[in-house]
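Here is the structure we will look at, set down as structure tokens.
Note that the chains take the letters A, B, C and D in the order they are written out, and that residue 1 is the start of every chain.
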Amino acid sequence: AKDIGGGTAGSAGQGCRLNPPPVVTAGGPVVHRPGPAPNAAAMKVGLAFDIGGRGDASFNDASVAGLERAKREMGLAEVKELDAGAGEPEDAKQTRLRQLAQEGFDPVIAVGYAYADALKIVAAQFPRTRFAIIDEDLRGIPNVTPLVFAEEQGSFLAGVIAAHRTKTCHIGFVGGVRTPLIQKFEAGYAAGAKAAAPDIRIDRAYLTPAGDPSGFQDPNKGAEVAQGQLDGGVDVIYHAAGASGKGVFSSVKSAGAKAIGVDSDQYRQPSVADYRDVIISSMLKRVDLAVFDYVAAAARGDLASVPEKFDLSLDGVGYSTSGGMIDDLVPTVDAYRAAIATGRIKVSDRP
Amino acid sequence: MRTEVRTGTATGRPQRARGPVPGWAHAALWVVVGVVAVSFASYQTGLPQLTSSGTVQSAVRLGIPILLAGLGGLWAERAGVINIGLEGMMILGTWGGAWAGYQWGPAAGLLAAAVFGALGGLVHAVATVTFGVNHIVSGVAINLLGAGTAKYLSTLLFEPVSKNPRESPPVPKFDTYSAQPLGAWLHELENLQRVGISDVAGVLGGLVTGVSPLTMLAYLSVPVSYLVLWRSRFGLRLRSCGENPIAAESLGVAVHRYKYLAVVVSGTLAGIGGAALILNPGQAGYLENQTNNRGYIGLAAMIFGNWRPGGLLGGAALFGYSDGLQLRSGGTTVHALLLAAALVLLVVAAAQLWRRRKLGAGVALVAAAAVLAVYLATDQLPEEITAYTPHLVTLVVLGAASQRLRPPAANGLPYRRGEQGARE
Amino acid sequence: MNTSAAAGTPAVELSGITKTFPGVVANSDVNLTVRTGEVHAVCGENGAGKSTLMKILYGMQSPDAGAVRIDGEQVRFRSPAEAIRAGIGMVHQHFMLADNLTVLENVVLGAERAHGIGARARRRVLALAEQAGFRVRPDALVERLGVADRQRVEILKVLYRGARIVVLDEPTAVLVPQEVEELFTTLRTMREQGFTFLFISHKLDEVLAIADTVTVLRRGTTVGTVPAGEIGSRQLAELMVGSELPVPEHGGATATDREVLVVRGLCASEKDRPVLVDVDLAVRAGEVVGVAGVEGNGQTELVEAIMGMRPADAGTVRLGDRDLTRLSTLARREAGIGYVPEDRHRQGLLLDESLWFNRILGHQTRPPVARGRWLDRRGAREDTRRIVARFDVRTPGVDVDAAALSGGNQQKLVVGRELSGDPVLLIAAHPTRGVDVGAQAVIWEHLRTARAAGLAVLLVSADLDELIGLSDTIRVMYRGRVVADADPRTVTPEELGAAMTGARGGEDR
Amino acid sequence: MSTWRARLLPPALAIAFSAVLCAAVLLASGADPVATLAQLVTQVGRGSTAVDIVNTAGAYYLVAVAAAIGFRMNLLNIGIEGQYRLGACAAAIAGGAISLPPGVHALVVVVVGAAVGAAWCGIAALLKVYRGVSEVISTIMLNTLAFGLIAYLTQTFGVLRGNTQGTRIIPESGWVPGIPLGGAGTVFGLVLLAVVVGIGYAVLLDRTRYGFELRASGLSPTAAAAGGVNHRRMVLSVMLLSGAVAGLAGLPEILGRDHTFTITFSAGYGYAGLAIALLGRNHPVGVAFGALLWSFLDKSSLTLDDIGVPREIVTILQGTIVLSVVVAYALVRRRELAAEQRRVGRATGTAVAPAAASTGGDRS
């Protein structure tokens, strides 16, 4: 007989005993943006991608989006992107940065923490060029600006959403590779879920241990891991597994459960359009915003105004509501969000 | 040329080829031992996942690409051509499958994957059969070439659509089918959670539910390969090329043609194995590096299976099972697997003892004790190790069993038409 | 001397056949006519072009010039398949069997169209075997068969394809006299049934015993065709080599009392199966001890065990005062053993390397080719030149690859190498197998000289004439045991053959 | 006399053939092959590319020699990938944990790298020698297992710096200074290690008894055995040697630049090594050229993005070069052997006539 989708997961149980959302007195988060966009017509920005490169529907693409906006709003003259290869040696990264600096691009944005070491060397060689690095808190080099995010805070909200949407009081997390960065996602997610529902069970799994990058590139494994969690009673899964996330979505869909996307608004992402009806929300990491802000600051010559960390209070991270599947939850989630933004809830970045 | 004329027997007396138990019964016996061991472990540890239909379905999904790649290896090596280029052919298959699949549907994707894999096989055949290049060398080159070509083509053809040079646009998948009402009945049995019965029901249930046409094709290709290679004239000729091509040629077998055919079929199967990574439900489209060494693992499964389809099936199943288990339920079940392993080792020891091989029995017994000790002393294995359970299992099993393996006699040897006697 | 043998349409007519390989003219203007229903022998030295001619007839090689006529009709085979269709079958000098396939599979391979590969084929094979007068087990793996059985399989293959004209390329090389006689019985039976045979052998008495007509090739061309009844083996030999046939002659006893090699109670096994059982053996200085035995009765294993290439389960091997039992092959060689292996291509030479590089093999720890851990390349070259000169190795220099030499010259190089470095014991396994009479004579002469100088020699050979001619004493092996001793001065090949097949014990036991 | 032709002709033919093929591919996809080539060549002069080529060629040379040592004996060590990464990881851990005088410190690190590489390969060697497991399969499995082990080691002995998990920084006493060329970058000091290994490899193969036994075993294990070469011991020692050399390959980068092993450490050298060894015909000098060519293609290809040509064309180029070079070698080798046989035939043809007349027992 032909299988016609639809599973049994999610039909059982009434969900968790939920904590009430925190009461926030000071209202919503305060986002303050520096004045109107400056003119950047004389600027040439270089972009060095991390593995995954353009089209990853994740932070590489988000950084491009930031520059696109800069072009529109600030008249940015020229953007050049250079792509990285998998497992490439350190000097390839240096060459890429050097090449951009030498060709007169300023600022040069290194997308991804993998550039940290290369940047230390190249930045010293080009003291007059301004560099930025995404995802690595690289301090103490005058011409390098780190653009980092509070992933754990965004993931906290994902955890809250999951806790409110589970019927089995059992949720899952699927990480691609067990790196410190991905563990921040896990930590925030678990903390959020626990905050909203103290009794909740959380299954956490990584596809590969640190150092084996294939965990971000293997949807089949993603599907199996998710399937395992679903069979074990999980009915909401949050993933931070790059391209392997596709596999997670597909398992979730065939089990009739729910998923939370990561980095960008995955509901609107064409490559996973097949699964959009199970993507109830996505944790947003606004690399685009950070890049735009950085370019604007550079155009103004005021790099000191770039925030130390793009967190909830700066809208550097957040969550999406596309698809309207969590509209009823927005007040609750926003309450948590305000509590974090105002510092009433502190989210740890270690699981 | 090296025609051996030695019998190897001191007695000069022809000995009987096989024991009293036919090979297939032997294999079936071991399957039973395995299932019993695993259900015992499942009972002892209270982990139904060990034999749940879900785990078995995972094993099937993960095992199919390996099975197909292994069958590809089998075809080539039975004709005497080592095919380490399976990985490259598989990559070509994934690209071809995605490219045709996203435009014209899964059936076209399957066809294109087969064709692309076959092209890879053809290159290998030209290099090894026509030009006499070392088979492994050619295979390494084909792996490079396959990866490079797929990357290049996807930058060229996928990027405009998917906006990502490493990824294809979404590819439609095959539908899945289940054998009803058998599947439902097995599912009920499984849910009873009775010792033994539920385990068997889980395993069988996993095999007959959620099957896609591609999976059926893979299932079928095992007996078909057996029938074609061992029960048909074509297969006899093909195998003779792997055993003694000069003899085959002297009997009018067009050795080159059979080798070509075998390697092309090999590539085709590897290509279909690639398609299994993208056209089965739950899988993404083409993605750079998604084959992730499955071609090599297929080769390992084939060696593991002693260059026979049945054994190869066992190898792929073992690999898929241990991978599925560790992916789905992580460290605890892999830990429980240690118990099953200890049990199997005990049976091995008993079997060795029965055949009066004291040394073998001793080694197996010590190994069983060691595994059991690890099981009792720990309650979880480090994730860095469990993530590679299948690889470890393959290595250990090969280490234990590979001495009895029997590759085709002329496997990997260069062969040229009319060359015999050139050095006599 | 050319007698025309044609009466009626000849079964095979080869005219003006010419075939060259790089550097060699294998056949030049060969003419051969074979009557229907006769056994036609083709004789000639090694490399005279016999096999090449037969392969041309069988479609495995295509001639550069010349015509092939079968039953009067001109044909041009492009593959064995076409020759088979024309009724030609060939049993090759080296068996063409796939070890890992069964007897049945080997027989039906390539001829599946006739009766499939199943029960019908099996019945047909059994019937054919009966017709030819022997028994087979269709489902046995070929690797488990002895030499004679393998040959039966080869003959079955030919019959199964319905061949009327059968080429037998040196079918007797590996058989003992009794087996040869059985083969000849089969051939005679089949000749009566109308088969035509082309029969190649180096053993001239065999040729004269079975053949109706003999054609002699010398260096690629036909030098004559004579009815077998009208010629003796001496004349035949002269035809072949242009001079008298060399016989291994004994040349007087030189044996001393000093035991060089002493083997006691040697046992060895392969995968739980005994291959050597309690072998005792002694070779004294200046003595040649011959080991006779049907292939596969433990001679190979004995040599390997003495050389340390095969672990012994029990027993001792002593060289002079030294106990070698636990030593490695290299240490045994260093202790003074020279070793001419039975298969020069597999064990004697590195075909893709130069002659001087090959000179080092087995001597890599000793002057003149090595100094300590370092090679002495100059020394190796010089000593190779010495061997080339002394052993008449025909080569343009010592830098050519071993593969470029002909078999006889390769073997002379191997023997020369193994006699270098003053060995006290030489183990020679089939030292002249597949070597032409010229090279054979050189090798025999050197063995004899070395023996006279006090060398102890353990000689394993399938060539009973060689064994009888060279040995001071002969030990017969059967099923891994030494079952009999024979005195080469009195024993006949037939008696030896009987002992080798276990039919009865030798004279001394 | 014709041997230099036999050595140089095949790679030249192969590179030319592959270049033509890739040019065709480029044309078909609408790019300009000439401009592509020009871009590749001019890139060498830019920035630190030339130095990077040399540095990476050093590492490539080491892995290729490791592969070549195995190939010489018909052993296919696919596990170089795992061996060099594991060697580098272990060496970095050891280097970060100890403190010794300069020079000695680095030496210890180098020895640890080699030892660990050898040990990892040794597993495959033992399995092959004692259990008959094909080294092809076992080394593939060991490559994957090396991933897990490295992850485990960097977790257990490592530290977290920013987002990168890595081993402890090696103290300055363990660094190996490079040759600074200013803006063009710094040539790693340990590139010299590659040179030393290369010379050692050449001497070993050509001049020593061990090298002789190695070559003999590779050409014909049966003949070598009859000649007193212990095949098992050779397999074991050659695999250990190959693993040891592989274990060195990551060290120039670690001791010369990174001073730590991070989980993002360069990957893929092992597979490149196999290809380079084939390209260079396992010959010490040939492999050096192969390594430089490979490295040049890798490094220069980084610039292809600049002119909008997909960088993967270089991977295709590399694949076709390897395939066509082996085909070319096979063809040339065949021609050479035939020519030699002809030569022997000619030379002995003249010698046969008088000798044939005196055939018999009267010659000694």
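Definition applied: contacts are C-beta pairs under 8 Å (C-beta built on N, C-alpha and C of every residue); 3 or more make two chains touch, one makes a residue touch a chain.
Values in this document were obtained by computation on a predicted structure and should not be read as measured data.
Peer 1: From the centre of chain B, which chain's CA centre is farthest?
Peer 2: The chain lying farthest from chain B is C.
Peer 1: Find the geometric centre of each of chain B and chain C from their Cα atoms only, then give the gap between the two centres in Å, rounded to an integer.
Peer 2: Those two chain centres are 43 Å apart.
Peer 1: Centroid from C-alpha atoms only, then distance chain A to chain D, rounded to Å. What do you get?
Peer 2: 40
Peer 1: With centres defined as the mean C-alpha position, give me the chain B-chain D separation in Å.
Peer 2: 30
Peer 1: Hunt down the residues of chain C that sit against at least two other chains at once, touch-wise.
Peer 2: Residues 21, 343, 346, 351, 403 of chain C touch two or more partner chains.
Peer 1: Going through chain A residue by residue, note those that touch at least 2 other chains and give them in order.
Peer 2: Correct list: 83, 86, 178, 208-209, 212.
Peer 1: Please list all residues of chain B that touch 2 or more other chains.
Peer 2: 165, 384, 387
Peer 1: Mind listing each pair of touching chains for me?
Peer 2: Once each pair is checked, the touching ones are A-B, A-D, B-C, B-D, C-D.
Peer 1: Which residues of chain D touch chain B in their complex?
Peer 2: Residues in contact with chain B: 25, 29, 76, 78, 127, 131-134, 136-138, 140-145, 147-149, 151-152, 155, 271, 274-275, 278, 310, 312-320, 322-323, 326-327, 330-331, 334.
Peer 1: What residues of chain A sit close enough to touch chain B in their complex?
Peer 2: Residue list for chain A touching chain B: 1-3, 52-57, 61, 83, 86, 178, 205-209, 212, 214, 217-221, 223-225, 227-229, 231-232, 243, 246-247, 250-251, 254, 270-274.
Peer 1: Which residues of chain B touch chain C once you look at their complex with the stated criterion?
Peer 2: Against chain C, the touching part of chain B is residues 1-17, 231-233, 236-237, 239-240, 243-244, 246-254, 406, 408-409, 418, 420-424.
Peer 1: Name, in rising order, each residue of chain B that touches chain D in their complex.
Peer 2: 84, 123, 127, 131-134, 136-138, 140-149, 151-152, 155-156, 165, 293, 296-297, 299-300, 303, 382, 384-385, 387-388, 391-392, 394-395, 398-400, 402-403, 405
Peer 1: Contact residues on chain C for chain D in the complex?
Peer 2: Per the touch definition, chain C meets chain D at residues 21-24, 219, 241-244, 246-247, 249, 307, 309, 328-334, 339, 341, 343, 346-353, 357, 360-362, 364-365, 370, 373-375, 377, 392, 394-396, 400-401, 403-406, 409, 437-438, 441-442, 444-446, 449.
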